[in-house]
Amino acid sequence: MARADGRSPDQLRPVTITRDWLAHAEGSVLVEFGGTKVLCAASVQDSVPRWRRGSGQGWITAEYAMLPRATNTRNDRESVRGKIGGRTHEISRLIGRSLRACVDYKALGENSIVIDCDVLQADGGTRTAAITGAYVALVDAVAWMRKRKMCGGDPLVDSVAAVSVGIVGSTALLDLCYTEDVAAETDMNVVMTGSGEFVEVQGTAEGKPFDRAALDVLLDLGAAGCAELTRLQRETLA
Amino acid sequence: MARADGRSPDQLRPVTITRDWLAHAEGSVLVEFGGTKVLCAASVQDSVPRWRRGSGQGWITAEYAMLPRATNTRNDRESVRGKIGGRTHEISRLIGRSLRACVDYKALGENSIVIDCDVLQADGGTRTAAITGAYVALVDAVAWMRKRKMCGGDPLVDSVAAVSVGIVGSTALLDLCYTEDVAAETDMNVVMTGSGEFVEVQGTAEGKPFDRAALDVLLDLGAAGCAELTRLQRETLA
Amino acid sequence: MARADGRSPDQLRPVTITRDWLAHAEGSVLVEFGGTKVLCAASVQDSVPRWRRGSGQGWITAEYAMLPRATNTRNDRESVRGKIGGRTHEISRLIGRSLRACVDYKALGENSIVIDCDVLQADGGTRTAAITGAYVALVDAVAWMRKRKMCGGDPLVDSVAAVSVGIVGSTALLDLCYTEDVAAETDMNVVMTGSGEFVEVQGTAEGKPFDRAALDVLLDLGAAGCAELTRLQRETLA
Amino acid sequence: MARADGRSPDQLRPVTITRDWLAHAEGSVLVEFGGTKVLCAASVQDSVPRWRRGSGQGWITAEYAMLPRATNTRNDRESVRGKIGGRTHEISRLIGRSLRACVDYKALGENSIVIDCDVLQADGGTRTAAITGAYVALVDAVAWMRKRKMCGGDPLVDSVAAVSVGIVGSTALLDLCYTEDVAAETDMNVVMTGSGEFVEVQGTAEGKPFDRAALDVLLDLGAAGCAELTRLQRETLA
Amino acid sequence: MARADGRSPDQLRPVTITRDWLAHAEGSVLVEFGGTKVLCAASVQDSVPRWRRGSGQGWITAEYAMLPRATNTRNDRESVRGKIGGRTHEISRLIGRSLRACVDYKALGENSIVIDCDVLQADGGTRTAAITGAYVALVDAVAWMRKRKMCGGDPLVDSVAAVSVGIVGSTALLDLCYTEDVAAETDMNVVMTGSGEFVEVQGTAEGKPFDRAALDVLLDLGAAGCAELTRLQRETLA
Amino acid sequence: MARADGRSPDQLRPVTITRDWLAHAEGSVLVEFGGTKVLCAASVQDSVPRWRRGSGQGWITAEYAMLPRATNTRNDRESVRGKIGGRTHEISRLIGRSLRACVDYKALGENSIVIDCDVLQADGGTRTAAITGAYVALVDAVAWMRKRKMCGGDPLVDSVAAVSVGIVGSTALLDLCYTEDVAAETDMNVVMTGSGEFVEVQGTAEGKPFDRAALDVLLDLGAAGCAELTRLQRETLA
């Protein structure tokens, strides 16, 4: 079964990570996974949420959103609707958890970093592109802090990257574009550290339930994809 | 390492599933996983959401919520705060997806079933208890419909059950209670069909990332737990 | 005119008050007036609202809500709609005022008790059942506080109970169930102290206005009902 | 005990009812009970709420609100806060119920009248002034409809007026101003028809509970006050 | 082209400014521009917004709103809809900016004045009437403060007034009423100080764009109207 | 007085208009005025708002928003706050009005175009950049419609562009960047058609009021700036 863009099943789309895309943010990245474009901005704040005060420890949080016309047809703005949808909430939480997995809160000191991931254009895999790009923006924000001696040591203990995998017509595919995502029977997002361990595994049977063998194939494919993305992050940051 | 309640690592808490707990709902269940008590009510509606109309197919959706004093300290009501939190959204969506995995929309006809899962008391595993109980309420609601000839065939193609697993102090544990959940380094929710396939796998590194071996152990443990819950569901429904 | 459940006009439905229904709350009661089931949870907080600080006095407040499927057809959640309806507000305020009538704020000290009354199943008289049950939960919460020496004396100066009365087809009835409530021309809620005085009287002509004679009959009937409920509260607490 | 403004205990404040205060509304009244000024506007709509359609019957509804500086210190606007408070909800519902008590829905036809009661200045008794003035605005709106042959007969079967009564320092007082209202131990709002029957009785123990004797005195006082207000309404409409 | 009310093109409608219309506010004015009636209430607060604290400077802010039946057909309340519309926001901001133009924040000290402008009846020019009346209410509130020695000097360095102008059928008209406003091709609001300088100029092509010559004519007309309103303000305050 | 970036007072910042920046939108432009970057997406919809149905005429509307980190310090998301701020509302309305000035609704047919203007990076003049870019996106969206024969003729009767002007330290400057904007005593936004007529003029005294001479200078400067932007739009579209 051929993929629409001619990729092999275990091949990523062209990935571009452009640093310093914004002038004001302490770290910023435009990350592209094929037609998916996410703008990641890391904002440093010299304070922490109320429940964290006095702990000597920092905090990382993330907000994900999509521009109304990132998609094929226009979506209403969540600000106009007056509430944030369930999908947005779910993805914001996933990104935040993923980034926190590579952070040493003590070394960060009582500072926060907020990562805004705004999808400018969507073609599948927006959450995994967001995590992969957000990590690079985070690195730049942390460097900015260290230059100003805001941290006592290196708050980054590992790196983090993410990719989607799925089964379409009984073939396991890496990094699904939108049309593949819609056709997938099973869809999984895999978030891994640079050292090859899992941070988050979310597999969902969209159509019919999947067995352990399929799960194993998807995990292998996801692990290989994350390793490749880790390599690209390192290249970008070199 | 002994568990607080004396269970072995691969043992479920006492599980009770009480059918017909409510007088008005077409299906209703009070499900208890140890100290966790969730009231599941299935409401039949002879209509479908707008985007589904004219398709000849039905729909299943779920809403999860917690009473303010289900937990150790009181939480503000989401109705008072005027918005639904991210965690609530995330769990409602998970329950809905899980139940839809065992439903044949065509056989359901253009009808909807809304499953309300209200946590009366929380002691860890509220979402997995909710899924496990909601399935039983769904069975009763479907029986109610079939008695009234609202369906053309059996809309239930399988059953669904869920359990949490996690690693606490390097031991893999089944069905974590609240104090275990808080102490877990890795936490996973496993949703499976009665025929032993996966519907949803969500593993999260709460503390440090986990490797493939740990993931495999947790999947085995979760699969065994779901099989036992499936047996209990059948017993209750017999 | 016979009542559907065979009661005499001045007879209460079977009333059950189950204490300690919840594990976490400082006081909790499941109160049942026939098919009406309300879960009342009293939460102790060692602080008071801002406007009360420094006064040396405590505060009692209440929140009333209904589960979506407490009723015959499903109601949308107020958390999903994003706002609290007028009826909910009105009843929450009534319960709060009623309970405050039996409390000595000074003896309570600068502590608050929040009473959550969640209707699990509705069959008329939910607000009067809530008040009657909430009082018992309040007693248990106050006992919990006194054991911890949080109060300087007994903050409870009396007890409080409530019942609905109404005129259906020219007969005055005590403790209306849902079908009677719908048929009532006049509907009244009576809240009284254990010492037989009025805390709140709310009479409403649903259909046609009522004269003073009817009002007098309803007040007599309500007073008798409250006296009987007071007796049941004492029995439960004994 | 002398009243601040020299009134006898059973005396109303000076009451003014000015018709046609607004140019656009089908009926409009500025009603003043002493320093309390409420602008009542009745808007005719040739439609009914969805649940009423096809019934051949009309509907009356009311909305109560207060300008931010109607009171001694400024209150935040409910539109700015983004939600309507419990007190506003409660009073809006009371006004609506009270007016509906004198309306024949069938004669009204499938039309609605919305009565807006906006408190321009508050000095106690805003809800009772609102009901008393709203009735007069309603009469004018109905006359407007009948001139246009929108009704099949007279939709007004009676009149309605309201007054507050209360016990201050053991004296029963009619039509409490703000300082008396604050000092009252018991506070009651009485809504009556022009023919002398009760539409709504709401008595609340603000401080200490009250006995049946006190209740009887307050009901007598309220009935006399409503009779006087009915006389003033008739005079205004003559 | 004759105007509906017989005015000449450069003539204001009858303007009335009634001071002390409300009992509680520190300054209050009912301002009428023909059929447009706006109630302006100035509330003094001995505090400033958070971002202003410690600056030794005061703040002036304004809120504009319309009663539901101020207009020809009833509008839903913004408090009921749960959000403030764009037009309301825009006008509130304009009024606030306009009033701030004549205030010396230092002389005001760390105090705020909130000006509520509530439109009781609308017939065009509600925002300009609001500004013109609000200034007079502000003067009275400042006098109230100075009597209490809350200010160190006179915080009012000038006066401010506003008027609408527009082109209807190629004639430039001053102070448009509602029917003229609807028919206008170009509509402009001019806010000027008593010393004849511009505070705000907002010209909008409602129908077809306008050239510089038209703009010049409108500015002249607006300047003359503001001068006349300034004279009326002085007369009122004398 | 030298400008920070060496521009002469009547010189625009470097302006770039990149068409087709997004893959999905019918028209899309990334417009840059120096450091200000706004992404404009035009979405075609084959329907009109309810109040417009059956008129045979189309509609154009706009929504303006800013990404949280478009500015020097991070702003909270309006979707998270649950409401749209006054400034956002005001600018969205301005953009919509400006674009509607060059559209023939009849030729557009019963279709709508929604223009989303999202500020990716802000350095002053975001609303004028948005209008200037949105017009180009609108042209592309209209071309897309005409190719599909959705319009009966050319709906664009003119072009529209906008620029800010202001007085900083007594010098009139064109196209203010953020630091100039903050320092400006008077600030004006001028929206003009390609044929040199005014669509909107909004001048505000930020510090001290301005006289007619200053207003005239600013209008001249704004007109020249808009003419230059019109030339750039034409070049881009050629």
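For clarity, chains are labelled A, B, C, D, E and F in written order, and residue numbers in each chain start from 1.
The criterion applied here is as follows: a contact is a pair of C-beta atoms (placed from the backbone, for glycine too) under 8 Å apart; a residue touches a chain by one contact, two chains touch by 3 or more.
For reference, the UniProt names are A, B, C, D, E, F = Ribonuclease PH.
Quick caveat: nothing in here was measured; it's all calculated off a predicted structure.
Asks: Give the chains in contact with both chain E and chain F, ordered by label.
Replies: Intersection of chain E and chain F contact lists gives nothing.
Asks: For chain D, which other chain has the most distant CA centre?
Replies: Relative to chain D, the chain whose C-alpha centre sits farthest away is A.
Asks: Centre to centre, by mean C-alpha position, how many angstrom separate chain D and chain E?
Replies: Chain centroid spacing, chain D to chain E, equals 33 Å.
Asks: How many angstrom between the C-alpha centroids of chain F and chain D?
Replies: Result: the chain centres lie 50 Å from each other.
Asks: Mind checking the centre-to-centre distance between chain B and chain E? Centres are C-alpha means, answer in whole Å.
Replies: 59
Asks: Identify all positions of chain F at which a residue touches two or more other chains, and write them in rising order.
Replies: Touching at least two other chains: 82-84.
Asks: What order results when the ring of chains is traversed from chain C, passing next through chain D?
Replies: C, D, E, F, A, B
Asks: Would you pull the chain F residues touching chain E in the complex into a rising list?
Replies: Within the complex, chain F contacts chain E at residues 83-87, 89-90, 92-93, 97, 101, 158, 188, 192-193, 195-205, 208-212, 215, 219, 223.
Asks: Contact residues on chain B for chain C in the complex?
Replies: So the residues of chain B in touch with chain C come to 22-25, 28, 35, 39, 41, 43, 45, 63, 65, 67-74, 77-80, 82-84, 88, 114, 116, 118, 120-121, 123.
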